[in-house]
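A, B, C, D, E and F label the chains in the order they appear, each numbered from 1.
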Amino acid sequence: MGKKVITFGEIMLRLSTPDYARIIQSTHFDATYGGGEANVAVSLAQLGIGAAHVTRFPDNELGKSATNLLRKYGVDTQHIRYGGDRLGIYFLETGASVRASKVIYDRSHSAFAGLEPDMIDWDEVFAGADWFHWTGITPAISAGAAACCAKAIDVANRKGLTVSADINYRKNLWQYGKTAGEVMPGLIAGCDIIVSGKGDARDILGITAKKPEGNELASVYSQIMERFPKVRKILNTTRGSVSASHNTLSGMLWNGREMLETQTYEMNPIIDRIGGGDAFMAGFIYGQLAYGDDQKALDFGVAASVLKHTIREDANLATVEEVEALLAGNTSGRLVR
Amino acid sequence: MGKKVITFGEIMLRLSTPDYARIIQSTHFDATYGGGEANVAVSLAQLGIGAAHVTRFPDNELGKSATNLLRKYGVDTQHIRYGGDRLGIYFLETGASVRASKVIYDRSHSAFAGLEPDMIDWDEVFAGADWFHWTGITPAISAGAAACCAKAIDVANRKGLTVSADINYRKNLWQYGKTAGEVMPGLIAGCDIIVSGKGDARDILGITAKKPEGNELASVYSQIMERFPKVRKILNTTRGSVSASHNTLSGMLWNGREMLETQTYEMNPIIDRIGGGDAFMAGFIYGQLAYGDDQKALDFGVAASVLKHTIREDANLATVEEVEALLAGNTSGRLVR
Amino acid sequence: MGKKVITFGEIMLRLSTPDYARIIQSTHFDATYGGGEANVAVSLAQLGIGAAHVTRFPDNELGKSATNLLRKYGVDTQHIRYGGDRLGIYFLETGASVRASKVIYDRSHSAFAGLEPDMIDWDEVFAGADWFHWTGITPAISAGAAACCAKAIDVANRKGLTVSADINYRKNLWQYGKTAGEVMPGLIAGCDIIVSGKGDARDILGITAKKPEGNELASVYSQIMERFPKVRKILNTTRGSVSASHNTLSGMLWNGREMLETQTYEMNPIIDRIGGGDAFMAGFIYGQLAYGDDQKALDFGVAASVLKHTIREDANLATVEEVEALLAGNTSGRLVR
Amino acid sequence: MGKKVITFGEIMLRLSTPDYARIIQSTHFDATYGGGEANVAVSLAQLGIGAAHVTRFPDNELGKSATNLLRKYGVDTQHIRYGGDRLGIYFLETGASVRASKVIYDRSHSAFAGLEPDMIDWDEVFAGADWFHWTGITPAISAGAAACCAKAIDVANRKGLTVSADINYRKNLWQYGKTAGEVMPGLIAGCDIIVSGKGDARDILGITAKKPEGNELASVYSQIMERFPKVRKILNTTRGSVSASHNTLSGMLWNGREMLETQTYEMNPIIDRIGGGDAFMAGFIYGQLAYGDDQKALDFGVAASVLKHTIREDANLATVEEVEALLAGNTSGRLVR
Amino acid sequence: MGKKVITFGEIMLRLSTPDYARIIQSTHFDATYGGGEANVAVSLAQLGIGAAHVTRFPDNELGKSATNLLRKYGVDTQHIRYGGDRLGIYFLETGASVRASKVIYDRSHSAFAGLEPDMIDWDEVFAGADWFHWTGITPAISAGAAACCAKAIDVANRKGLTVSADINYRKNLWQYGKTAGEVMPGLIAGCDIIVSGKGDARDILGITAKKPEGNELASVYSQIMERFPKVRKILNTTRGSVSASHNTLSGMLWNGREMLETQTYEMNPIIDRIGGGDAFMAGFIYGQLAYGDDQKALDFGVAASVLKHTIREDANLATVEEVEALLAGNTSGRLVR
Amino acid sequence: MGKKVITFGEIMLRLSTPDYARIIQSTHFDATYGGGEANVAVSLAQLGIGAAHVTRFPDNELGKSATNLLRKYGVDTQHIRYGGDRLGIYFLETGASVRASKVIYDRSHSAFAGLEPDMIDWDEVFAGADWFHWTGITPAISAGAAACCAKAIDVANRKGLTVSADINYRKNLWQYGKTAGEVMPGLIAGCDIIVSGKGDARDILGITAKKPEGNELASVYSQIMERFPKVRKILNTTRGSVSASHNTLSGMLWNGREMLETQTYEMNPIIDRIGGGDAFMAGFIYGQLAYGDDQKALDFGVAASVLKHTIREDANLATVEEVEALLAGNTSGRLVR
């Protein structure tokens, strides 16, 4: 398609117990590498969109392995920087039925947290690119990462890229002396499209629904758009949880005038729910670039995310054909010969 | 029981990704050997019926391994021929939820495709046998395989065996210059019992339901019987697909007068759906030989097939006791101590 | 909490096929060690209750491994005796959907069966202990084991411990010349709390519901209490089986006046149902010691058992926080970060 | 070749730790089935000799699995009897370097130990057979097994089969009230060929080398032949142990006149040394049947045994071509394309 | 370093049995993708040299997986073509001690064999490149592959690239109607550097050592250079085989005047010997590009190959630092912290 | 034996690649927990000596798992403290032949590094204890850990325990502002027995051999004893490295008068060399406590260490019987039945 998307964010070593084992039972871990923004890049590459990821890795075999994983799936890794102490790690125990999945983060002091703004030449990174995507995790990690992100958004805006963000509030991060409320508004101001739930809007921006008003989410989204005039689309998914093995998923998008919605999908059983939101974002970006239609892009994003829940590891490996088959109503899972 | 069934068809090396992995994620494959007709033989042997399988393997460790698998499960392998270039292979990616299972065939130029009619002495093969079973896959593979199959049916008829076939139309096969419509009628004419769906009847025989008529399938089956007077029973299963993990299954049989039906079973989760139809056929043959009653045989076939969906690899390893317990209404899966 | 519970019973090597494989398909077995009473001890230790298990192991690497497993999970193993010929074994084939799980026992002639009453100094074992738990499996194994159990109950009563038993009738045991009806009443007479189903009451005590009476179970339990005045609480769970993968569970307790009941939980998919009853008992004991309230203890026991069904191997590794979250209504399995 | 060999003996479930793990470290076991005499049968079948094994299995999935393993490798299993309580088990911890491999037997009370002489119709078993092979393990297991063995030797002699035995003294067996010295001489008397070390001769027959005499082994073997005139060949291997990973092996055969010897092979690394003696025996039997030459048969036996040490599980899966290549001096292990 | 090497050749799916298992024992295969020329590219990329591989894959998940593997290790895959029927496969059984490793090829009818000269624009491929490497396997596969190779050599010569070839004679290939002797000389004529053993020279070129002459190999190499004046360096390795687990390796290079030689390395144990020659070639190319010194390049090539034998899968993953440490005499394998 | 040893030090999560895989190849890691001093405790517990380990773990599932591993092997864990941020991790790539094993440490900011002296009540810890062991790694980690160690040595001396240390200089540690030369002498001064190589003495104490003198090591050790009068025994092992797979090992001990030495053992193949020094220390402590004889203790230590090299994971699981068998000359690795 000739389009190119740049993503920026931390990648961690993911160590997950196999076969629903508890961490205290497990004598080995399955290893892969993932992170919200990189998952978007990998997914876009599977969908045929050019994708480059910007991050920082320690200069050791773990950093090399993370680079290799991105390369394997066709992501351009030439802008990755090497240095710093360690690769962040997260441990994942996959739940089932009434037992929730559990994540233990061990990501402090990472190479990425040690990023400084002058380490990345964003003009070079964005040469020939169409879209820049970041998430609220990045500015939460360290002052340096936040400053890098701010600089990237500035340059992206200057060069005319579409800027999207999943503003994603994680309260356990934000340990470096600033709050999300202090940092995020300046970054959101440079975005065209954001993913935000009601909780994120409340926790980051202090925005809650005005009452009495028909649709709470529409109220929240309207206020966001009022405050951030560059933002022209806000979207999100709604997850229903029957159990750790059985969820439902639908999506909605506020374009400033109306709330677009998708059908609700059953996801049962869930093979791996990590990265479901990133798959949604990647699918939506694909849809915007391929169709230029909000409803189609939203539908594509949700269907992509539903397929992601059937695929192990962080990133969505579904193809355009597979997402389109699901969109065409093929939820039956008949054998493809 | 003293009964002996002969099956004839290709066996492939099956390479499947473990644990719902995608092929592009997988660094190893689980290996087994299977094929529609051989699956019937293995299943019959587990049910206590004498079974011999006729096929051709390359004279190497893969052919030896395939023979060994049949022997392991008690199938007589003395009539297998060795020679030719390669063993056909199929790659299987097992799906889940909305993601369908996917099969990649790599079966061209196989030892089986190189079969010539004079390689097998069917008089010797059928000595002491009661039943011959083949499927529509075999004549689709090569002219030689089709000719072998025709010869086998002739000899079986001459020696008074019951002949059954799953006429199973696979449009991606039939590459050797003949169509199913040219080859299959001559073979079906020699059968007593066939498995056929509406699609198979249409694609192979050009038969569709006459309208207006109560039961479409009955109309199709009546026309088939009219055209092939030796055929006295036509049967099939109906699969409902909630998702790749959750299907329903029921069976029906037309005896020329009425349409027998079975209950509908829930299959959730499905462990392995490959070979479900072969398990049905084997169960039905068992039922015919053990009970001599169409309804009982049909019920047994469907219950056997339902159990197959809980068993990994191609062939059904359920025992008579297990099928009978399911027929007796024990779908609850209580612990057997 | 400072409370200490003593459990007594056999532990076996558990050899289970991985990934729903049938035993006849499997070329390796997952190995762990478990037994009804030891499962209670392990579960209590995870819940923060002091627990010691008394048993007898052969003096070899298998006995050592079983001891190590108990130690790993914090169970006091100082009272374990070593000697005799072998460790009992059970083979487990985990079913799915309509295929039931299957257990093959190979437990005869075990070190535990060779127990003699003078091998264990119960006064020493019970020093500082609050509770003694046994099950109906132990007296079924051998005359020596039954005699040990009787002696333990006597000493426990003399020292004022609470005595509980899951009276659990297993008809395939009881091979040493005595019947459950001859042995069990004397042991039940020393109990404060028992777990019993209607079947156990009938098979062991010959007690069935008197008619006409409102609640059959209440009738049975009343008769038990009449016959065994020391017993002041009788409890049990009710399991509904949709399939081997999907069960429901609820619990009830008769306190001599009223029948307490819990909500009914869905368990789908079941990861491992072995030890569900032991998890219930451990949860109930925890609840008694922590809350001193029958309804809370019953609720805790059932919720603990439901969580157990999501955890592989025999013993429940759920924590108090996890059980309480489930009791608080969190059945949704949302990701815990 | 048209020759048929009958073997008779117990088969156990072998549970081995993977990858040099100690039993106390291992959370799973690799499972296979093996026994000295059955290993001979499997090996002969790979070498193209007809082989049938006679044994007794419990009538459960473990007995079925053991039968299936024999069938898989082409051994005739029609004479196997089903009944009794359990399948014997042995646990194997494979050593390396200075750490020896370790075996824990759990074989008492097996189905095989419960054999009674009238359970097997040896006239039927030996119909069309040329050779009968047994080992000193069988009469050590139980009085019934010893009686079966005696009967088999009698019938074999009556029918003119060659009878061979590995007289193999295992002091931990022989628990049923008779000593090897009481039972074995009567059985050895019916043999044509035996495998015996100096230790076996001393422990079973009380025969030691007369001094002064040149070759101790020749002295022992001469005395054995004097005492058992039917025995016309006595053979054995000599193993040199550098470490658990590195052994040497050579063979010798006394034909009553001279001591034939083979070259000494280096075996480094050893993959699996269980069944090395059985592979030797099978190779020797093959050599006798194929070449009718003692030196060639001895050479073939030793080379077969050396190859066995590179093959995991109990039985030798080497082919005639592979053994002959080794005999031809190809110890270099060059890649075979 | 800024240098770029182009390699051209077939890549196959490699299916190997784990842990020294025989193919007939194995129920799963480890899967990777490799081929002589691609192995050179992967190895060069690890050594920091730009490398692009040219080949043809089927347009399915297997072709995609092979591409992904190359990308993972940093090889440029933009010139790969997609189409044709299947990916060639080879099965590998890794030997140990006296048991040789065994390869079964199943590579006929591959996508690569279907290559036609006009499918690849070599001018585009060679833009900015310094070196072109091919092997004698490629022209042996099909007339189309041979024609492609000829065209590539022509263009490479025209554009001034260094051309190297491992002329590697595989007699089981060359099935398409031409012999190596007919095709290879024309291709070798365009080379600057070739790898050839005495056997290759004899089988392909009919060149044998003239006698009496001091060094047989020097005689052969001199004759080759006489016949192919463009060839200015001929090199090879000598492998000594103690067993399948223990080899020795040294290298030699004829520069037209003298025979350079390296030290002889012990390789014990060998983890994976596939690709040893490719690692040698890659190391030699690295050495030529990095040092411009024949002795240093030869030394580097042999040391790289020795390290390859410790690394599983086809391609050498050793780094420059590791090879240099070995060259510096560090064969001791001390722990690197 | 009634003796009790206290060890103190950090434990890390060890993540190792299976089967000689490189980190960049590996998609899973084997997980265990180990650390120099804890390895001594585990080994002592296997040898029948009471052992308690003091450390600090994060209060999460990883800390719990590390505690569980110690408990599993019988180490007293009651003095472990919980708190802080993370568990240190090390990644291990096991080498073979000429490829060295490689360790990547990721241990900064660990819970152990956050230790403060008042977190541990050493009077309580040492109650009833006979021996205290620490290593030079602990004071290198943080000022707090060094202060804890100093306090422990003081209290141990006051209470009359034997104090031993492996003074082990790791230059990559010591990042908190003090050098080993500043901190270690004060700690060594409180020791009775130390393990030190020539390098450690030079790097930590600035002590080198005086010349000319017969035995360099004796010169170094004499100077150490002169400087630290409490130290009465200094010991060490000498490792010869043929390759990563083949080492030799011997030991020596200076008692102030003479240099005791042991035989030199071959270790081939090495299964896991991590913890070899800890196994030596544990064996030596066992020997001191069991025999009270320096030569016997030294011999036992070296033999224990040699066995450790055959055992995977950090800690030695050899028993007294196994070490004694090796000491008795049984290096042959014959099968133990």
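Definition applied: a contact is a pair of C-beta atoms (placed from the backbone, for glycine too) under 8 Å apart; a residue touches a chain by one contact, two chains touch by 3 or more.
The structure displayed is predicted, hence computed values, not measured ones.
Peer 1: Identify the chains adjacent to both chain B and chain D in the sense defined at the top.
Peer 2: C, E
Peer 1: Between chain B and chain C, two touching copies, which fits better, same or different residues at the interface, with half of the numbers shared as the threshold?
Peer 2: different
Peer 1: Where among D-F, A-C or A-E does the B-D interface show up again, with more than half of the contact pairs the same?
Peer 2: Checking each pair in D-F, A-C or A-E, only one repeats B-D, namely A-E.
Peer 1: Roughly how far is chain C from chain D, centre to centre by C-alpha average, rounded to an integer in Å?
Peer 2: Comparing mean C-alpha positions, chain D is 45 Å from chain C.
Peer 1: Report the inter-chain centroid distance for chain C and chain F in whole angstrom, where each centroid is the mean of the CA atoms.
Peer 2: 42
Peer 1: Could you tell me the distance, in whole angstrom, between the mean C-alpha positions of chain B and chain F?
Peer 2: A distance of 63 Å separates the two centres.
Peer 1: Indicate the residues of chain F shared as contacts by at least two other chains.
Peer 2: 18-19, 22, 24, 27, 68, 102, 269, in rising order.
Peer 1: Spell out all pairs of chains that touch, sorted by label.
Peer 2: A-B, A-C, A-E, A-F, B-C, B-D, B-E, C-D, C-F, D-E, D-F, E-F
Peer 1: Which chain D residues qualify as touching chain E in the complex?
Peer 2: Residues in contact with chain E: 18-19, 265-271, 306-307, 309-313, 317-318, 322, 326, 330-337.
Peer 1: For a test of understanding, state which residues of chain F touch chain E in their complex under the given definition.
Peer 2: Those residues of chain F that touch chain E are 19-22, 24-25, 95-103, 105, 170, 172, 241-246, 269, 273.
Peer 1: For a test of understanding, state which residues of chain E touch chain B in their complex under the given definition.
Peer 2: Going by the criterion above, the answer is residues 15, 18, 22-24, 26-32, 60-62, 64-65, 68, 85-87, 89, 91, 93, 102, 104, 106, 108-109.
Peer 1: Per the contact definition, I'd like the list of chain D residues that touch chain B in the complex.
Peer 2: Touch residues, chain D against chain B: 68-69, 71-74.
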